[in-house]
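Structures for review follow.
Both complexes shown next keep chain A, but they swap its partner, so chain B is in the first and chain C is in the second.
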Partner chain A sequence: MAQKKNHRTSSDDPEELTRTVLQAVLLADSFAQKFRPITLERPKVLLPLVNAPMIEYTLAWLESVGVEEVFVFCCAHSQQVKSYLENSQWTKQPGAFSVTTIESHDAISAGDALRVIYTHGIIRGDFILISGDTVSNMSLAKALSEHKDRRKKDPLAIMTMVIKHSKPSALTHQTRLGNDEIIMAIDPGTKELLYYEDKVDLSQHLISLDKMLLADKSALSLHNDKQDCYIDICSPEVLSLFTDNFDYQHLRRHFVKGLLIDDIMGYKIFTHEIQSSYAARVDNFRSYDTISKDILQRWTYPFVPDVQYLGNGLQIKLDREGIYKAPEVVQSRSAHIDSFTVLGNATTVGDNAVIYNSVIGQGCTIGHNVTIEGSYIWDNVKIEDGCKLSHALVCDGVHLRAGVVLEPGVILSFKVEVGQQIVVPAYSKVSLLPQPSKQDSDEELEYADANTGIIESPSIATMMNAQKVDFPRGTSDADRSGTSEFYVSGAGYIWSSCEGGNEDEWRHSIAPIPADKLSESLLNAFADVDAPDQDTSCIPASGELLPDSASTVGDGEDYRDSADFEKEVEATFQRALAGVDLENVILEINSLRLSYHMSHADCAGALFHSIMKAALVPSYSSKNDLYANAVKEIIKWRDLLKHYLKTLDEEIEVILKFEEISVETAREFSPLVSNILSCLYDKEILSEEAILSWAQEKEGADESDKIFTKQSEQFIKWLREASEEEDEDKD
Partner chain B sequence: MDFQVVVMAGGYSKNLAPLVSQEMPKPLLPVANRPVLSYVLELLEASNLKDLIVVVEGEDVALRVGGWISGAYVDRLHVEVAAVPEEVGTAGALRAVAHHLTAKDILIVSGDLVSDVPPGAVAATHRRLDAAVTALLCITPVSGPSESVSSVGKDKGRKLPRANIVGLDHTRQYLLHVAAGAEVGKDIKIQKSILQANGQMEIRADLMDAHMYAFQRKILQEVLDQKEMFHSIKHDVFPYLVRTQLRSEISDKGAPKNGLNGVDYTLNGSEPASEILTNRTHKCCAYIANKSKYCSRLNSVQAFCDINRDVVGEAGHLSGYSFSAQNNIVHPSAELGSKTTVGPQCMLDEGSKLGDKCSVKRSVIGRHCRIGSNVKIFNSVVMNHVTIEDGCFIQGSVICNNAQLQERVVLKDCQVGAGYVLTVGSEYKSEPLSKK
Partner chain C sequence: MPDVQTLVNDFVLKLKRRKIEGSQASAKQTAELLRSVVSQQRLPYINQATVLLDAVRAVGEQLIAANPVELAVGNIVRRILHIIREEDLTSTASAMEGLSLSANSDDDDNYEREDHQALSAAAVAAAARSTLRAPSLQTLLEGIPESASAPHPSSSGGDSEGKSKSAERSSRSKKLKHDVIEAINELIQDIETCHEQISEQAVGLIHQNEVILTLGRSRTVKEFLCAANEKKRSFRVFIAEGAPRYLGHVLAKELVAKGLQTTVITDSAVFAMISRVNMVIVGAHAIMANGGVIAPVGINMVALAAQRHAVPFVVVAGSHKLCPLYPHNPEVLLNDFKSPSDLLDFGEFSDCMDFSTSGGSPRLHVVNPAFDFIPSKLVSLFITDTGGHSPSYIYRLIADYYSADDFVVRRRSTS
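This part shows the complex of A and B:
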């Protein structure tokens, strides 16, 4: 009886319901082009990672953490993904783990994908959002229960992000996975994410955090040493948020940042840091290399080649020093296989071949005297005698003729052929498909053409015939389409680098970062550090120090705008000096004010600045001369200035501006501040109220901020007395 | 221990008007009827720091403070009192006494610090970490300041700002970021290079810079010499050192390449680059006082009231007096009329007389005060030789020496300057009252 009751209450509780079926959304499209040209022919999630398609790792992990229902969202090459899954163990095997594919062809971003999933209405509770190129062995139980507990207490906590410690290199500003460094601010107590910046602008020396972040908490920790694992535990609200904000495209750049900035809805994102377990996403070629090595070195246990027979189900044996061998490997006696190498099924290795730190797929033929170092060779590759490969990625069906040398960072896409004795230069990408004509690759929505790859693929055969006998026309990227044809008796186009330009090729390549790049960025790093030095010497005396010269940059748009505005006003004023009619000057300044979104007070300030600058132009030998100059200019432009001094605020702004310029730009005035103030008062430009309220405002300020109030103490005192007398007179 | 101590005692602080007067400069303001400066001096003495330079603003302040110190500490401390002009700032004051400084490290303490954090611990941290500068940071309750402002008015219409925003490394030993003064209210701007070098930074808003710094003398003097614009230690010199910790300019001149303050770091072994890899850095450290320690600076009227209350209350061990069974301090010579009660956390000093049916709660009353009957004094500080006539009601106020309150005066959150006379039956609320 009691048992029955228990059962009923638990099923009535919505939380309980969702726990019974844990769902996951797996994005089988990265919506990026980092793996081009390979991804023109095969979707990224099906690319082999240590001889098993990436999606296998993700699905196996999802199954291991107790996910029961996975929705695989496919977009580019959706047919390939679908047919792969249909033939895989995941759909065949009976049991609680079900894999369903959702297809959409017009999704161009993760945001679109989630909107499509929302319209399907299949997500019933908390779900795991993951991309199909993630390798992990973390246990989700703790993160999941944390997430649920938080949700119970605070329904606004809609997402938990998994992060991991990983300190980016100080020189290249990227992690070992080749990702850009991320700056995150996290509440140390609740682990709430407060700030997220994944596109760190290296030219800025300062990170600016909103002061409101600390408004109701006493501490936050700022991290530069965390890596985003791109495993998110989301509540169903996440999907509806994507639907509500149809402009959200990127999961991090739009969604996460959007939530963090938006304080109306108050949604919160939390982080879960994993300590010893593994989680990483294959985002680019460098992370492909890093994660492959991690798998070989068994950081991802149990997802290693000899334990989980991912994909093909073949028994792989692990020898000493991390050498993995599939059955039916034919290996010459004189071949030397060194540490951390995988030899796939039915691969033959010729005499005196040297292979280390590499992954060789199935059915490959490796000739005599071949050296392979740090490379990834997929299935059915033919490598003839005497080839040298270092840090290259070679896809299925590639044929390297004798004596080919692949320099570090080379990518050879499917079925490329390379003729004898050719040296493929470093970082080349070769494909049978021509490079799509250039688009502005910086566009967020660039991946729109991920589909076009499918359309082009049928033309491979014709292309091959056309190119097979072509002589190399040089590997320069001179021709307009950005591609050039390839090789004696070879087939393929060399792609010019499409993303980021050639200079950044090394960042995301499989090859280790070359030493000269390291020392170069080292030089830059130090130049960066040294640059702000120059200006620190002229720190103003006020208590409000500029942290260093860079802070002027750090102020961002606003600052630049107001500086521009000031310049413009000054230019206008110069024209006035040259004799332009006063009316026109006022007209011009007014239009400037509107176009820069400035207030009257700003105009007054800028104008006053210009006037004082004009006073500095004539030569002066003493303070008195300068004072005389200033008075002359002030009288001359009194009417113009008066035009902008309609209210008290504007007058105060002028005084503050005056203070600012006498501290910063025109220190010549600093001994004269008091005199000029009284002159401005005499000429009825400034009212006594303005001066008095300025003095009052400054009363509470820091000592160092009070230089000028001190200086003009007498004057202010006189004003005060005068006004009191006046008051008394009135009484 | 080769440490020289400079105590910045101040002069006639404007923030403390009308409490300070010609006779009563800031260092001599009473906290539980002892000059505030004595708390620092005894704290230093307890850490065996006996070689002190007390810097005050103005010659006449120097005379007064010097007179008091020589009387009170004649055979205990070696104190030199130096006068500097007003408004030179703490940095200017240090420049003025620079020729006296000879020790390897200098400890700079504000004279208005009331605390039981041992300066020796700060000095030891400084030495242990081989820091260029070490600052004492105290934990402040986050909501604390704003609450007390509302309870006792007179706040000049603005909320007490956050004391400081500091960035610490994960061991909480090194200071990576400091925002003081006007910067505190703005967006937090962190230097990226320092974050990148450390990987993570804890940004805290609940730590107060207590104005106790240990500096390496050479570094301090170089900064003072090079940066003539620097006015304040707290706002200029100290943030500057923290800011430039990765690219130390100091000691580039003159000092040999492996100078005491620059640590040469070689980032990695690669030979061609090692030339440029040498980078000068200096360490900025923090000593974070234990939460149980008391630490407060007497730099505002509000702080004056709070500290007085705390020293006879929660932080009673600081006062040096022994409390009675009623948890208060009543001098044997004080006279209490019938039905007069002196509550806990109160102090009543030598020769003061209270009439009948008085009630004193959480207040400090100085020497030789004459207090009539039916007087209520709550949460207030009454200094010496004050006359309070019958039926007065005083709450949250400070009454300075020789003031006179005639019958039935009602004061709430007021400050009465020295020698000021309040006429019969007057009522004031949240006002400073003093002679012109």
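This part shows the complex of A and C:
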């Protein structure tokens, strides 16, 4: 700490007030399981992406945009991350870039991580929230200054999300990165994010927006072609929000959506669209593949293999057609290296080998007549003669014996061995570690403790004993039959595909989508277009705006709900009487509102109800006493009430509610309606427009309904005249 | 004074991350860094030059490896190695009174030439005392042409100089270092002032009412044109915009601000316009030993157009851009490929790069090279801070500035 202090005083003493150290929080854990089984042995951020660990790209970018303090939050395999960072260039480096690790083992989500960081109290100003698997070369200056300007004008603008234009595939409804397409509604003027949905139900071809969005905003643009870059500029409030809402787990699913729905606190999220620069996050195997190719195509310049940004110190040379070669590659004269290929240091390529669109790590040995297509081969892999690899991912230390065929989408985790002539079926995942049992796989958990939840079936044990025996040719059929916990002659278990199930495997795999799946989705797409026109928008590029998005729950249910809601509000209000802080009351009512799916107007009505009830509590002898009581209560709770009376609708709702209670529950008020209305008007709780429109609404109603309008006829008349006068004045 | 090693590491990181823009800045900072390397190097009594050379070479190798595309860094490293050699030879020559020098010379194959140069250098130093800079063939030719051709200039002047120096023999250990630092200071000054020196020649080259064409933006070209403008030459400038970075637009703005008559054209219109042009003036990234030029992309096309219409093609560049390597040397990294985002909008083309549906191989390739190579036969004239030179003379300039031993900067193996 003392050292840090020194740092600050020396570096920015004179401009302390104007400039604060730019900080970043880097989550070195994805809190997801998409990279299993590889992530059982190594944290995701240390997995190589074009021969450099992913975290290198993120740190290099943070350094290049002028971030001075990075807090790396590690959870799974924290020891590995820490020791990696200690030996990396980032901690050794002189100058104003410091990397600090924060460790916590019980965090199971990004929300938990941010709560831990909040308790450390290290974030002093705006910070960048980024995941350790993000590749970007964007310049931050503009986004940051926009964020700061907005903050000055509006302290509720607490977050700026970076987005990028990227068209999703019309067939698969996936982005290039393998995520589902995201629907965002953005205010075109202010760039405020109004709606965010990453789990669109495509079967229905419709999304529903809150009609309030359209009521408030003059314009709104709806996008499905924006890619979320998962780079956020946040204000310190974000951390405290996470702490307040302890159920926020996921950054987008809970936090962003939560803020967008919750308009009570009024926090706003804005977007910043990057134009020419690149930003993407490695979220699944598909994005691993896509981003690797983007790097080779140099979209991420200067974070490309031949510019030595990433600190492996090797001078990699870029040949024609995007072939990157490290210095000590031994390549047979007859080997054919084709476009967009990386050959790592000290790798040997045998005769007649054909390699294209692939990344080969360091110290690999590739035998004769090997074909490698679109694959990612990490360090120290041995591939014997005649193997065929297409669109596979092969981790460190894997040994493929002669004649092995890896079909598209195969993942071989660390040190797996595959025996001769074996065909590893498409999309299979093989690891030396057995698959943890299902019940353990908490969806948010990246890793399970190696000791828990592994099915120790005896058959495996015997299999393991038999390992390293080379099976003779022809065992491949037997291997195919194995669904899970089978091991391919050599060593390793085949994992049964987890979560998504087998049919979704092709979506997120490294391999390109097979032709039959594509034609299938093509057919589906056509079928949709052919569907009757009443299904207004079949074109996936545009969403349909539902005129009324109010809850689809039946009316009867609605009634019950609103009664309950009123009771709850009343109880809350009682507690407020007992002296609970006003802010807490608001918070409580808001949470009630959310849980009962009520509108603001409902809150206002219920609250008013409670206030009126409170007015009945003290003893009163005459009408005048009651009136005085009511006025007292109204004045007392004016602020609270005002909080919910933001628009005309809500004010009218209050009047209607008042009417209702005067008729039904608290008849004592019925003679006083007119007086209390004018009192509410005097205290500026109700506007004259609200009262007038209420009167107008009632004009056409039954006589029985008109009691109160008649009663307050004089008042209304006075109001009308006053407003007319005003109008005349204006003219 | 910060530790040299941290300075070196810092600079290496900056180079690696491409944080230093432009040859001039790289050259200047390299020279400054090597100056502090030299000044902080402890020297033994014997073999001082060898120790110094090794120190500079060790640092230089790291610097060159850090950003092989920026050739100016390597050029400066080689220049300084040459300075050390020359200063060493000058002092030994004077100390040994023109006798055999084999004791201190560590380059045997080139012994004869070095020896010869150093001796003549001593002679010139006597003649023109004021100049501190290690004399080159250029100054020899200008100063005393006879002695340059003479194989053994053991004149009385050199002798007396030697005697006066031998008196200070005890302070020699400091002398070498001091001389080297002085020479490096002068080199830094040269780099700083190269634009002015080049611009001085502008009036002689640009005539009244001429039309000049350039491509992209080079600071040297800008200063050159502005200098001619200041001397009340009235001429017009055509600027090819220099896609994809469009620095030509920036140049146009700057020139208009200085009151020059400027026309901006697209790169593709160069051939159409070239017949109206009197002279093409462009900047360079590096000038190679054979007179070939590495220059921003698009200039080769301009050079070919100029040749077709017999328009003089002039390259202006500071002498720190003179590279002693040939373009076919394996050490030379000729080109740098930038991000395709300069050319294409990623969002618009993102569907062309959806690898999941396109069979896994990228169908869209975007190539965005930073540089062109212009063969020497297309260049009419080089203007450097030492004057105008024809392409065939470049090899001679390089022999002046660099020692053939340093062309490949490698740390000597310790064995």
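Everything that follows uses one rule, which is that the second predicted complex is superposed on the first by the 454 of 731 C-alpha atoms of A that agree within 3 Å, B and C clash if a C-alpha of one lies under 4 Å from a C-alpha of the other, contacts with A are read in each partner's own complex, and residues count from 1 in each chain.
Simple rule for what comes next: contacts are C-beta pairs under 8 Å (C-beta built on N, C-alpha and C of every residue); 3 or more make two chains touch, one makes a residue touch a chain.
The structure presented is a predicted model; accordingly, all values stated were derived computationally and were not measured.
Peer 1: On the A-aligned overlay, A:Leu214 touches which partner chain: chain B = first, chain C = second, or both, or neither?
Peer 2: Once the two structures are laid over each other on A, A:Leu214 reaches chain B alone.
Peer 1: Between chain B (first) and chain C (second), which, if any, makes contact with A:Leu518: first, second, both or neither?
Peer 2: It touches chain B and chain C both.
Peer 1: Once chain A of both complexes is superposed, is A:Leu648 in touch with chain B (first), chain C (second), both, or neither?
Peer 2: A:Leu648 contacts neither chain B nor chain C.
Peer 1: For A:Val307, select first, second, both or neither according to whether it touches chain B, chain C, the two together, or no partner.
Peer 2: second
Peer 1: Which partner does A:Lys293 contact after superposing on A: first (chain B), second (chain C), both, neither?
Peer 2: second
Peer 1: Looking at A:Ile183 after the superposition, I want to know if it touches chain B, chain C, both of them or none. Which is it: first, second, both, neither?
Peer 2: A:Ile183: touches chain B, not chain C.
Peer 1: Quick one: classify A:Gln275 as touching chain B (first), chain C (second), both or neither.
Peer 2: A:Gln275 contacts chain C only, not chain B.
Peer 1: By the touch definition at the top of the document, which applies to A:His223: first (chain B), second (chain C), both, or neither?
Peer 2: First partner only.
Peer 1: Based on the superposed arrangement, let me know which partner A:Lys710 touches: chain B (first), chain C (second), both, or neither?
Peer 2: first
Peer 1: Can you list the residues of chain A that touch chain B in one structure and chain C in the other?
Peer 2: After superposing on chain A, chain A residues 167, 171, 225, 518 contact both chain B and chain C.
Peer 1: Across the complex, what residues on chain B touch chain A?
Peer 2: So the residues of chain B in touch with chain A come to 87, 89, 142, 156, 158, 162, 165, 167, 180-183, 185-193, 195-206, 226-227, 229-232, 235-236, 239-240, 243-244, 246-247, 249, 267, 270, 272-273, 276-277, 279.
Peer 1: Quick one: which bits of chain A touch chain B in the complex? Just the residue numbers, please.
Peer 2: 167-168, 170-171, 173, 181, 183, 185, 188, 200, 204-211, 213-214, 217-226, 515, 518-519, 522-523, 526, 528-530, 533, 536-537, 539-545, 547-548, 551, 554, 700-705, 710
Peer 1: In the complex of these two chains, what residues of chain A are touching chain C?
Peer 2: Residues 60, 63-64, 89, 93-95, 137, 164-167, 169, 171-172, 174, 176, 178, 225, 275-278, 286, 289-290, 293-294, 297-302, 307-309, 315, 317-318, 321-322, 339-340, 356-357, 373-374, 391, 511-513, 518.
Peer 1: Which part of chain C faces chain A closely enough to touch in the complex?
Peer 2: It is residues 6, 9-10, 13, 16-18, 65-66, 68, 333, 337-342, 345-348, 350-351, 353-362, 365-366, 368 of chain C that touch chain A.
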